[in-house]
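Read through the structure below, which is laid out as structure tokens, and then see the notes.
Just so it is clear, A, B and C label the chains in written order, and each chain counts residues from 1 on its own.
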Amino acid sequence: MTTVATKETSSKTAPAAVSVRGISMIYPGPVKALEGINHDFQPGQLTSLLGPSGCGKTTLLKIIAGLIKPVSGEVFVNGRKVEGPGPERAFVFQDFALLPWANVIRNVAFGLELRGVPVAEREAVAEKYIREVGLAGFERKYPHELSGGMRQRVGLARALAVRADVLLMDEPFSAVDEQTRRKFQEDLLRLVSIERRTFLFVTHSIEEAVYLSDSIVLLSPRPGKVWKIIEPRLSRKLSPDQIRREPGYLDTVETIWQNLKDYVE
Amino acid sequence: MSRFDYRSASLRLASVAIVLGGWEYAGRLPVSEAFPSLSATLAAAWEMVRNGSMIQAIGITIVPMIIGVTISALAGVLLGLATGLSRRVEWLGIPLFLVLQAAPLAALIPMLVLAYGVGLTTKVLVVCIMAIPVIVLNSYKAVRHTPASLLEMSHSFLGSRRQTIFKVILPAASPVIFAGLRLGTAAGFVGAILAELLISPTGIGDLITYHQSIAEYPEMYAAIVAVILLSALFLELLDRLEVTLFRPERRAV
Amino acid sequence: MEIFGYRVPLPLSLLLWAALWEIVGQAQVTILLPPLSAAILRLFEIVPTETFITAFGITVQAYVLGVGISILVGVPLGVIMGRSPFLDRLILPWVSLFVSAPLTALVPVIMALFGFGETTIVLTVVLFAIWIIILDARAGSRGISPSLMEMSRSYGATRWQAFTKIFLWAALPEILAGIRLGLVRAVKGVIIGQLIVSVIGFGYLFEIYSSNFLMEHMWALLLVLFFFAYLLDAGMGELERRIDYYSAARG
């Protein structure tokens, strides 16, 4: 039975669930990046992968995206095993990965272009998401004319435009300045509430993880294992600035920080 | 127009003026009869255009140039792409082209002309031999240096191999490919002129040697300047082509 | 590339091409292409002869002289152009014009002015090599990170010290790259110069061989030239690699 979606976002009525079982990854070296990762990511929520450098969080994200083949283990989306990239997952790159010779609207529509969607249709979809990420008016600009923050918005719009159920974001805000970063975080929260999709987010910033996430997967240093799951449960009724000063928020950040310190030392 | 632009433009003008002025002055010095002044050269050039010898010579030289460069561009880029995209073709082709590129291929020219005569085919062949190695190597390098992040992005959005080649690798590679085309065109020009200078009494090369042999130096220099301007024109056209076809973001820059 | 799982090194493909050459040559497909083995035999025959050694000597001499002048004049000029926007804007248009112009066309000029001798060849070498050397030296000089220069000032380096200890080393990768390209162009220059002048050096030999259709001798000569050109290029490449380790991290 299907119900008509009130928001024209996903073709499915329920957001997708991502699960990983027994994921291990060994790089030539040999470097054991990940060991035995088992986790069920909650559908419709934003889950962060957090941990010190080298704990394999980006590796895990790319494995889920199908860009890296794990040495062992499986990835499931909505109960079906997936290998390699797929239309239900979209990736947002840390270094933006925009086509420098294409303007914003072409970049955002690129995923659709690769699927053979006709020009008029894909540009219409692209325009919608360009507006949604706050870049209205910049459709004909080229990447070199945009700031780092704007380029990342293009990357995000591109991932949204393919209507994937799962969005995988690899430290998307690490290449922009602090001000822009904060604004981005607030915008992302707004997006998460509008778009009923599953977000997986890699970051090395504890504050960012606590601020944004419904759930945080803390990974241990190499070889990365699932170490702790933390659920911040922040009240979204407060303003962004208020949240950042709320005791619950500050405590969570402090706890994670202490935990990491102990482990790293 | 900002102050900066004025300075830049006027410096350029000054530079040209200095060189041309120096030429005029040096040409009037009684040091060597073989060094005509700028004005004499210009006068000779005008005369040669008027009596048609310049136009005809340019025509004879340019036709094999254009044909040869077109063939070289197509064959060279295709070969270069193939070596960039396939390990097997890379193994076969790259060592060969590396050797060919460093080698003074010009040495082959007298041989070719001697064996196959002075016709259009030979000249086209000469242009191709001179141009193809550098085009192949540049195209190869361009493909191999496609940013990994863009390739990964295309893969993540389910781009097929063919789509990735045409939509990502080729546009990303185009600056270096065109750099190779520029070098190849220049080398092709060298080949065409050399063939004409050495043996075949046709085209601009012939104009140069003929006027040299009868000691008409202004005419000789006029022909040489014509060649250099011609090649500069060719290369400029190539630049425009690249920006129009592949890199629209550079139009404004 | 791999055959049956074993990595086959790149240069081995040249052996394949050599074998192909031999086969085609033996089949006498064209008069232009004698078997590789015949050319190699001739090579051993002509190299020890006096004519060859003289020609080789002339070539090497002109080459070394021409390259020397190109480097001694070109590198400083390029470096200065990189530091002085004024001079740069004045000279750059001409360098850009000549670096891709068919310099062959200018050789008759040199010949007309300086005669049929070695001077012309040397000047031809300079003509072919110098522009790219200037351009790359300029690029290296322009690319110096300002923070490196600031650092040297803050540690009290004299201008000479800053130049020799920091600046030159920072610009070296590009300068060497330019010299390498210049060396290759110089080979073409020394050959083309001799071809056009044609009464001395290898040009003379080529003239004799080609007019007598001594193809095997032609190819023997070509093999020698190609081999040395390749050696030079590879040698420079090796030198570049030695200093390449720091070129990416230059601040």
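Heads up, the rule we're going with is that a contact is a pair of C-beta atoms (placed from the backbone, for glycine too) under 8 Å apart; a residue touches a chain by one contact, two chains touch by 3 or more.
As the structure is a prediction and not an experimental result, all values here were calculated from the model.
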| item | value |
| --- | --- |
| Greatest separation from chain A - chain, by CA centre | C |
| A-B against B-C, pair bridged by the larger set of C-beta contacts | B-C |
| Distance from chain C to chain A - Cα centre to Cα centre, in angstrom | 52 |
| Approximate Å spacing (C-alpha centroids) for the pair chain A, chain B | 49 |
| Computed distance of Cα centres, chain C from chain B, in Å | 18 |
| Contact set on chain A toward chain B in their complex | 65-67, 85-87, 90-91, 93, 95, 97, 99-101, 103, 110-111, 113-115, 142-144, 158, 162 |
| Of all residues in chain B, those that touch chain A in their complex | 147, 149-150, 152-160, 163, 167-168, 171-172, 246-249 |
| Sites on chain B touched by chain C in the complex | 7-8, 11-12, 14-16, 18-19, 32, 34-35, 87-88, 90-96, 98-99, 101-112, 114-115, 182-183, 186, 189-190, 192-194, 197-198, 204-205, 208-209, 212, 217, 220-221, 223-224, 227-228, 231-232, 235 |
| Touch list for chain C against partner chain B, complex | 1-2, 8, 10-11, 13-14, 16-17, 30-32, 86, 89-91, 93-94, 97, 100-109, 111-113, 184, 187-188, 190-192, 195-196, 198, 202, 206-207, 210-211, 213, 215, 218, 221-222, 225-226, 229-230, 232-233 |
